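Pasting in a structure now, in structure tokens, and then I'll have a few things to ask.
Order of writing sets the chain letters: A, B, C and D. Residues in each chain are counted from 1.
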Amino acid sequence: MASTLTPTPSPGRVAHRVPPAVSLEDVTVTLPRASGDLQILHGVSFKVPAGSVVALAGESGSGKSTAALSLMRLLPWGAEVGGRIMAGDRDVAAMSKEELRLFRSKEARIILQDPWSSLHPMKSVGSQLIESARASDPALSKAQARELAVETMKRVHIPDPKSRLKAYPHEMSGGQLQRVLIAMALVARPTLLVCDEPTTALDVSTQAQILELLRELNREMGLTIVIATHDLDVIAGLADRLVVMYAGRVVEEGPTAQVMANPQHPYTWALLATAPKHNRGERMLTIEGRPPALDALPPGCSFAERCEFTTARCLETRPELVLVDEPSRHRTACLRVQADQSVSEEVR
Amino acid sequence: MSTPPIIRTGKTAVDPTDVVLELDEVVQTFHGKGGLKVHAVNGVSLKIARGETLGLVGESGSGKTTVGRAALRLYTPTSGRITFEGADVSRVKGRKLRRILRRRSSMVFQNPSTSLNGYMRLGEILREPLDVHRVGTPAERKRKVEEILDVIGLDAAYAQRYPHELSGGQRQRVGIARALMLDPSLIVADEPTASLDVSVQAQIVNLLEDIQAERGLAYLFITHDLALVRRISHRIAVMYLGRIVELGAAEDVFARPQHPYTASLASMELTPEHQIIPEGELPSPANPPPGCSFHQRCPIARPQCARERPELTEVADVVSGQPRSFACHFPGELTLALADERVVTVPPPLPVVPALAAR
Amino acid sequence: MNILRFLFWKAVLLLIVLVGVTTLMFFLTRATGDPAVLMSPPEASDAVIEATRQRLGLDRPLLVQFWETLVNTFTLDWGSSYALGSEVRPLVMDRLVPSLSLVVPALVLAAALAGVIGTYAALHQADVRGRFLMGAAFVLDGIPYFLIALVLVLVLAIQMGVLPATGGDGGVALVIPIAVLTIQGFATLSRLTRGQLIDSLSQGPVTMAKSKGLPARTVLFQHAVPLALPPLIAYLGILFSFMIGSLLILESMLNYPGLGQLLVRAVNQRDFPIVQAAVIVIAVLITLVNIVMDTIVRVLDPRLRTKVS
Amino acid sequence: MNNDHNQPPAEAGKAHMPSVVTEGDPWGSVPTVAGIEPQNAGEAIPRKAPGRLREILRKAWGNPSGRVGFVLLGLLVLAAVFAPLIAPHDPVVQTLAATNEAPVWLGGESGYLLGADSLGRDVLSRVLHGLRLSLLVGIVAATVSALLGLTLGILAGWYEDTLGKVLMRLADIQFAVPFVAVGIALTAALGPGLGPVLVILSVWGWTTYARTIANSVAQVKRADFVTAARTLGAGTGRIMVKHVAPSVLAPVVVLWSTSAGVLILAESGLSLLGLGVQAPGFSLGSMLSDGQVALRLSWWAVLFPGTALLLIVLAFNMIGDALRDAFNPSSSLAPKNPELV
């Protein structure tokens, strides 16, 4: 009994549960405001290959969380979504309420930034896990769901899971809560896990523990993971691909190692170079200025005003996201880099 | 060792005997609900010299913030002694406290939006320290405000603005400016960059370093950001559960950590395979484990660790020869795979223009 | 163990309220005039007043009287009415039930109505119907309750003649005061319910519930509503006290034989033992109801029950 | 394990747990809900103000219902101030012939716009004059209790473990006695009249302010900007005046506006029992009391003063709501129906 319930997949299970690839195609998100609507995402596209870990990176206001949440259509009320959000061959943006409910309960789950305010404060951890398991598989009896919950809690390394079932969220630490949230996702045996800044609120070593756990889940269960983060270094060892966002658009996308070692967009470079870890020059490199207001984006490149390499063209023409390296599908949205690349290709 | 050398700018030559602040066996106990006693700080001793930056590292609950606040006498220490510029300030009160400590020290906070009073104009905020200590005439105070705005790179017209009209980075600059108004010899900076975006953090760090180079003041720099503390600090103190477990020159501590907890912290900078992740979680400060407080999570713990609490012992570093101390029965046993450290300099996507190189 | 501790402190609170209110009422009634003089006819001679004073025990030192009052409060020996001569306790207690039979139904009705309407308005806050409901609640909230009473009397009793204007027997007499209290209570409460629910619907736990793919009904009733509930329940206690306050005036207006009418009549007759007893009963009642509400909140919310380990 | 014991605020703040219900002390004073206070129905009052008072007022003015409230209150105040000029008749003159005369538009023949009461007095003139006293009582009492509550609240919040506890127990006691009960008792003892009513109204209101403000102050006290002021050597007095008082002004302003309405109603309630202002003086409340007797014959003598009361209360409530919204940062979101899936 227990073995069929365990989320740890048997080889056979993996075979017929190939997670679908997820992708955003020119997605726009507009939030209603009392003073006119505010467009948060301005045409975001990226692909999440099945079984991979993709990180959405950017500073506050870049739209990374909105992009992550849009994957599950968990946006604030009244948000208007344009474009297509594909999970396999289905468009999440176009799902009916019932389809969406099934999609969320069985296939895609989410972990939010703040574990303290994610769990229901008045329900025991166990009842929330059981509810989650049964939402995914209504055929489960309560006892089966409980068993599954205990197994899953073990799986995410929560010590003494049986007694923890009775605990209330406020009796647990942030790291434990984040594990419970991961367990709550896993009991549904999802194929996609969306994480919105899952470690920001946690301490360094807890952060490492949680990331290690996510890495394990990806490797061992083939779980597709999308992580929104503001700290590139934190997910560097985990993410297969990196999507760098700025002012509601994707500015660079590619394999993590390649993007981090050889960034092709000035913003990505600046973001990396200003981090204390890489910032070992005489003085720390800085990016001056601040991101543009989302309701007053410049006509050209949004980063042009702060960029070290700006030319007149950058201020006028908005760059498209263009491939700069075919085999790795490394893309960037910088006119000058694109020009530079094509020149070098011509020369070649 | 293959670690690239870190070049610090504004690194004032520090005379370790010119002590600004000294904590001697400071204990800070708080009373919780139901008679629970929490030793937030449990016998911490440290010295900060003029012009020095001491990085205080630890996780939340380690007591690092309490140390910072105790140093500025926001609490009265339960026991122990706090000496500031040669004067014992552990128990002084009122005017005397104001004259000795308040006049010569200040604090920079983590969150610039909560540390500036939203109802006051920047001018009033910056002038307050001068008003409180009755420094100068109104005209002089006004001039001083304008000067300091210039130092932090804001136009004098900003004196008329309110904090919410500024960006996070600008606000933090104002927070720093306020801390500088009285020309202090010590600033306690409690995670001054933690709430800022990465691109803004560097601006703040540069500002802090410039100020130190120019004015020779001492920083007690509290942070959980290891890369940052490594860069900015002369010396680093690592705190765990209310005690200092390791203390030494920044490079020594990171290159050759002696305490396993420090090793684990330092390993977070490495690739995941080389990270040493402590098991479990920080125990409750209300009920610390016996013996070494880290032993339950320590990868190299032996029975002795559960019995005896290791004392902080001072030795000279084998490489640099600088003094360092640690509280571990088996120091240096856990080592780092430093050779594997990731590339630290990121190449720009385009050739760097000369203007940038000059910056 | 924890709940016992909680109830213990609540009992202490009740004691403090009792002592406080007794003290307040004692000095309020004594400090403002000599009851013996007030009780006697204007032309009474000094001897008559002195006799009255002795009869009522008002000739003893103030502190002795105060101590006695305090002791009597707790021993439920509330003396006898100056005006009627009969014992105060049965007088007051007899009026308690009629008053409660107005407040309790009104509180229940108001809570039920507010729950439905507040929830509907929260879920339809952007729609015409939702806005209309809240606009109506806003206006109702502004109408003085005594005006509602007068209008109801005017329409139901005078114009339509379906109810007696004042007094009346049995169930009929209850209709107007209950209606007034219900309208007054539900207007405020439904606005509050809507606000709390909208607030809780945008909180993390509800987002998490949605992310689990739970049915809308489960999200609403098992996740959002419990989050919104504690402040609303606590507010019921406050509402109860408001309703009692309104009742004091309503009963006199509508000539309804409750505690309020007794109190007003006693005040007009300077019948201090009754005034004192009535106010103390009201204070105990309000405190008890609030303790009950607090206890419910505590049972609902585990954060208040368990200490952080 | 949670590190959130009674640690110093800065670190305790990290393990933040949203708390709906405050539990500061074992007593758990009667209304235990943060933000919801007696006389303050509607939504919870925000604890921290994002901006300054002037900006808040501008924002409230920008809110349609706030603007209606301000205009309405302005008109009512103007009507009250200029009552002697605009009232068509002497409000106390009794015209026997006009007893219970219907309003002119209901066929009244003596030309009284809003009819005459059972003593033949012009209802319109009486409403205009009655406004004066009602508004005066409300505004004076609200202001006095606001100042009292502000002072006590700041002290209670600052010294939360000592004076605060005492004051909160006092508030508990006071809370257990409905205002009307004490009002009735006191007016009876002191004799009915405007003076006693004004005194009770002013004194009784402090608890609402004090509770809300004490809560805010207890938080502001731990705020970084207060700590900053302390590290710079600012004394308690300076901190209270310069830092604490301005940051709790928001709830005071909101409460002032809602409580003015409540206090006007309270005065009316007491007057309705004949315990308020005595003839020949009169307020809207005492007009209701007079008119109630002849409700069957001249309902207009009740309904119009009642409507005036309603307008006053609505105006204050609208302003209060608009202020509350203005203080609440989430009000910048356009209202949308919540989505449950």
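The definition used in the following text is that a contact is a pair of C-beta atoms (placed from the backbone, for glycine too) under 8 Å apart; a residue touches a chain by one contact, two chains touch by 3 or more.
Just so it is clear, the model here is predicted, and its values are computed rather than measured.
Asker: Counting only C-beta pairs in contact, which chains form the busiest pair?
Answerer: The chain pair sharing the largest number of C-beta contacts is C-D.
Asker: Name the chain whose C-alpha centroid is farthest from the C-alpha centroid of chain A.
Answerer: Of all chains, C has its centre farthest from that of chain A.
Asker: Name the chain with the Cα centroid closest to the overall protein Cα centroid.
Answerer: D
Asker: Give, as an integer number of Å, the spacing between the C-alpha centres of chain C and chain B.
Answerer: Result: the chain centres lie 55 Å from each other.
Asker: Need the CA-centroid distance for the pair chain A / chain C, whole Å please.
Answerer: Comparing mean C-alpha positions, chain C is 53 Å from chain A.
Asker: Distance-wise, how many Å sit between the C-alpha centres of chain A and chain B, to the nearest whole number?
Answerer: Result: the chain centres lie 32 Å from each other.
Asker: Cα centroid separation between chain B and chain D, in whole Å?
Answerer: So the centre of chain B lies 48 Å away from the centre of chain D.
Asker: Check each residue of chain C and list the ones that touch at least two other chains.
Answerer: 126, 202-203, 210, 216, 227, 301, 303, 308-309
Asker: Please set out, as single numbers or ranges, the residues of chain A touching at least two other chains.
Answerer: Counting only residues that touch two or more other chains, chain A contributes 76-78, 97, 100-101, 117, 121, 170-171, 173, 176.
Asker: Please list all residues of chain B that touch 2 or more other chains.
Answerer: Within chain B, the residues that touch at least two other chains are 33, 60, 281-282, 284.
Asker: Please give the residue numbers of chain A that touch chain B in the complex, ascending.
Answerer: Listed in rising order, the residues of chain A that touch chain B are 59-60, 159, 173, 175-176, 203-206, 208-209, 211-212, 215, 230-231, 233, 236-238, 260-266, 268-288, 290, 308-309, 332, 334, 336-337, 340.
Asker: Provide the residue numbers of chain B that touch chain D in the complex, in ascending order.
Answerer: Within the complex, chain B contacts chain D at residues 30-33, 36, 38, 40, 60-61, 63, 65-66, 69, 72, 74-75, 98, 102-103, 105-107, 109-111, 114-120, 128-129, 132-133, 162, 164, 175, 178, 181-182, 188, 190, 281-286.
Asker: Looking at the complex, which residues from chain D come into contact with chain A?
Answerer: Contact set of chain D toward chain A: 1-3, 15-18, 20, 331-334, 336-339, 341.
Asker: Enumerate the contact residues on chain B facing chain A in the complex.
Answerer: Listed in rising order, the residues are 4, 6-7, 9, 59-60, 167, 169, 197-203, 205-206, 209, 224-228, 230-232, 264-265, 268-269, 271-273, 275, 277-278, 280-282, 342-350, 352-353, 356, 359.
Asker: Looking at the complex, which residues from chain C come into contact with chain D?
Answerer: 5-6, 9-10, 12-13, 16-17, 20-21, 24-25, 28-29, 31-33, 122-127, 130, 138-139, 141-144, 146-147, 150-151, 153-154, 158, 165, 188-189, 191-192, 195, 198, 201-203, 210, 216, 219-220, 227, 230-231, 234-235, 237-238, 241-242, 244-246, 248-249, 252-253, 263-264, 267-268, 270, 275, 278-279, 282-284, 286-287, 290, 294, 297, 301, 303-304, 308-309
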